[in-house]
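Right, I'll just put the structure down here and ask away after.
First chain written, first letter: the chains are A, B, C and D, and each begins at residue 1.
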């Protein structure tokens, strides 16, 4: 019998990664595949999908009501967790390029840390303050929009260059959809298999409400994803539009 | 062997995707259709854009599924692309809808009818909002008014109210039939129920409570369907906790002409329809049963 | 830590054996008392010898337990040896009883009172007979009359009607409290439900239907207890699907002052009481909770 | 999760053992310990406790409504089975005396056939016609009340003699309670551990309704039994009284 009920665990540590991003460690270890996510219940507030950055760890950017409430929680407070859900990264070959943008750095850290591949990594943010988890990424290239750390460039530009210079078996990425849109074109140009962790509005997280299903395939981000490959991405709604909480289409 | 017809609608099997599960958009409905369902029901369509309740909206444990999704809908006026996408779907399409007043039921139905769904599934049973759903399905008079209003605009499309599992469900059903309902579906989710997280002393579901579905409530459903079958002269549809061929056959023997599966997708995946169909077929073959029709109500 | 009192009855823990399970005779009641229960309830005592329904009377599958035992009882006039055997039982003894008319409720209560049970548990909730039980618990006026009649003969012994889980349970509860009920227990079994054996097309239970209990109905119970707690000013007792310390604490947070365990004996054995008590204690210690009283209704 | 729901199986064979006793084989094999029983549902009629005489087999005497209805069933009909329930025979030592009286022969056959002991057996009935399962019992002594087969004696008389002649580690028995009453005294006299399969009115069969609980221990025939040893039997209601379907005491 599947159990999909948030279990509340105490927060054992809160790590301020950046002015807007915190890592929450909780008193329970999950058996997970990097790229899988959990539904995180902020008791009394909301429940939101968050990728695991480790077996007992989530890393969250404060962007709205639920994440702000989460950011207020301290060591000893309870958070609810159900999952892990979704497919996680299943990557072909050995030499893999990791690209993480913004808080999308978080799931890529789990891949870099627990994945058994030869990784080269690119992580990027607007400014150096928003870069985190530097130590977990092998072969790291840092990019910032303002040049405050590493290259002053988008991650996609660096990716294009590296993919031109070396032969990679796969590109694994997470970040803003606009970043992934460009990365899709670049990976496609270099003919490298791509695996992107995608986001859509989630309710059940277990593939039964249909809310996160995309056009035209009905591929469910929560159950069949969140990691999509080229076959899923191409000719899909990704990079074009999404659906909000009511199910209404919203242009991207 | 499983083919049957329901109010003139031809079905390759009597297994229908229940409203609110997976039916949120055209793409996923087509995927469910391809995975074995005899018919599929669209997520209940509302009179206005509606976000629904905050998460958690869906939880499950053991035999219990609970939801308080709260009828999110883009609203009937924002569904053109979905209707477009649904053209050419390979199985009959049922349209579920809700509203906040009797007049609004007619308004939503009127907007749906031109798209020619095979059936109008009138949601008067959802317990997860304060202003829609079950409030129209608990009083026989109110339910009858809703049916009357919908029948006025439904044309040739059959109208099937889907009731809440109240103590007075038989009375409500009879009133609906008197008002012209072509079939009765039983039931929407039960209760509602509540789960409290003891560590935080908070209700888990965002809405505080949630309708109960899944195998836990199947025996309660079977009894009520058994009684409904004797109480009304129109076909009865069973919904609630069906996850196996045995369960579907049991509900049919209790009196259902068609069965819907919702929570079963949690327990057995999206292809629960194909699995249940295969189980039914193998039982029918072993027991020399040739058609669904000969099973309907056969436990009476 | 678990010790509490309920209407002046001292309990070493708030976990009570529910009526109808294991409580059929003095010997087994003493055995349950010795296996950790805070109090034990005798199988409902009837006005006359009554054989109950034919077997199968009790079935279970998954989270569902169903029974249609049908209130077998030697009758209050044939219980002298049991009362004798119950002298010296180590925990408070609750007496459950039923009858076929308001007058008969008083008659049975009058026969029980001299044996000084700690509580009169008035069974107006059993769905498994045509003439007793739930028929007295569905109409607020009738339920109130039963309570009034029992209160007239109960002397100092507290009177607690145990309700069926009807849609109008809150109204029934209020009417009972107005009539003098000292506490309200919720609930007897749900439905009833039905299970059909598809091979034979026969209803499995001898009575055709059976009340549903067990973990399947716990969320339904919790919601109703939550509402009862706000609706009445007397202590509320939770019964339904409780099998773990977490479940008991959840019911207490919803508003119960005491919880009963019945079907839990199927899932965890006769010593479910000791197990649940240990789980509660360990949670309380971890969460620095000192007494049951501080938990009652704490999810409101 | 425990499943205690009758499963209906087709009867694959009906064997007329005696004019009043039939064996029913059903299309399902149970994993059982000799001495365990099942609740047998005669669909639409009643459900009664019956010991297993084999993994797919029950052997039933026609004594009333349910057993008469069962006796009418034919190959191909369905019966419902739930179980096996109860403790079964757990016997000490190696040399065991089996005693079976009347239809009590049935469970003892299962023990004789599947038990891993050095058995000596006594089976008895009123007349030769009512003796069955002869071939399954090692070291067999047959008794009949009318002397139509074997010794003209009660099984208890033969048991007394054998227990006097040889040293047994245990006596295992099933039969009318009056037979077991005398056997109790005999085994006690010879100081041999005894294991008797007992009967009381059953409803749940799984130890939760309390109906089959005996005085003064509350030992449940269905769950703690049906096989009782001396500690359970002595000073108990056994051989003195029982309770009927309503729970009313009935003298024996």
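To be clear about the criterion, contacts are C-beta pairs under 8 Å (C-beta built on N, C-alpha and C of every residue); 3 or more make two chains touch, one makes a residue touch a chain.
Please read these numbers as outputs of a predicted model, since none were measured by experiment.
Asks: Can you give me the shortest step count from chain A to chain D, moving only between touching chains?
Replies: The fewest touching-chain steps linking chain A to chain D number 3.
Asks: Can you compute the centre-to-centre distance for chain B and chain D, using the mean CA position of each chain? Integer Å is fine.
Replies: 51
Asks: Give, as an integer number of Å, the spacing between the C-alpha centres of chain B and chain A.
Replies: Distance between chain centres, rounded to whole Å: 35 Å.
Asks: Among all residues of chain B, which ones touch two or more of the remaining chains?
Replies: Correct list: 62-63, 195, 199, 202.
Asks: Among the residues of chain A, pick out those that touch two or more other chains and give their numbers.
Replies: 1, in rising order.
Asks: Chain touch graph shape: choose line, ring, star, complete or other and state it.
Replies: Drawn as a graph, the chains make an open path, so a line.
Asks: Between which chains is there touch?
Replies: So the chains that touch one another pair up as A-B, B-C, C-D.
Asks: In their shared complex, at which residues does chain C touch chain D?
Replies: 20-32, 43, 49-52, 54-63, 67, 69, 72-75, 78, 81, 85, 195, 197, 199-200, 202, 204, 206, 263, 265-267, 270
Asks: Please output the residues of chain D touching chain C within their complex, sorted ascending.
Replies: On the chain D side, the touching residues are 1-6, 8, 39, 41, 43-48, 78, 80, 82, 202-211, 213-218, 220, 243-249.
Asks: Contact residues on chain C for chain B in the complex?
Replies: Against chain B, the touching part of chain C is residues 62-64, 66, 166-168, 190-196, 198-199, 201-203, 209-210, 212, 215-223, 226, 246, 249-250, 253-254, 283, 287, 298-299.
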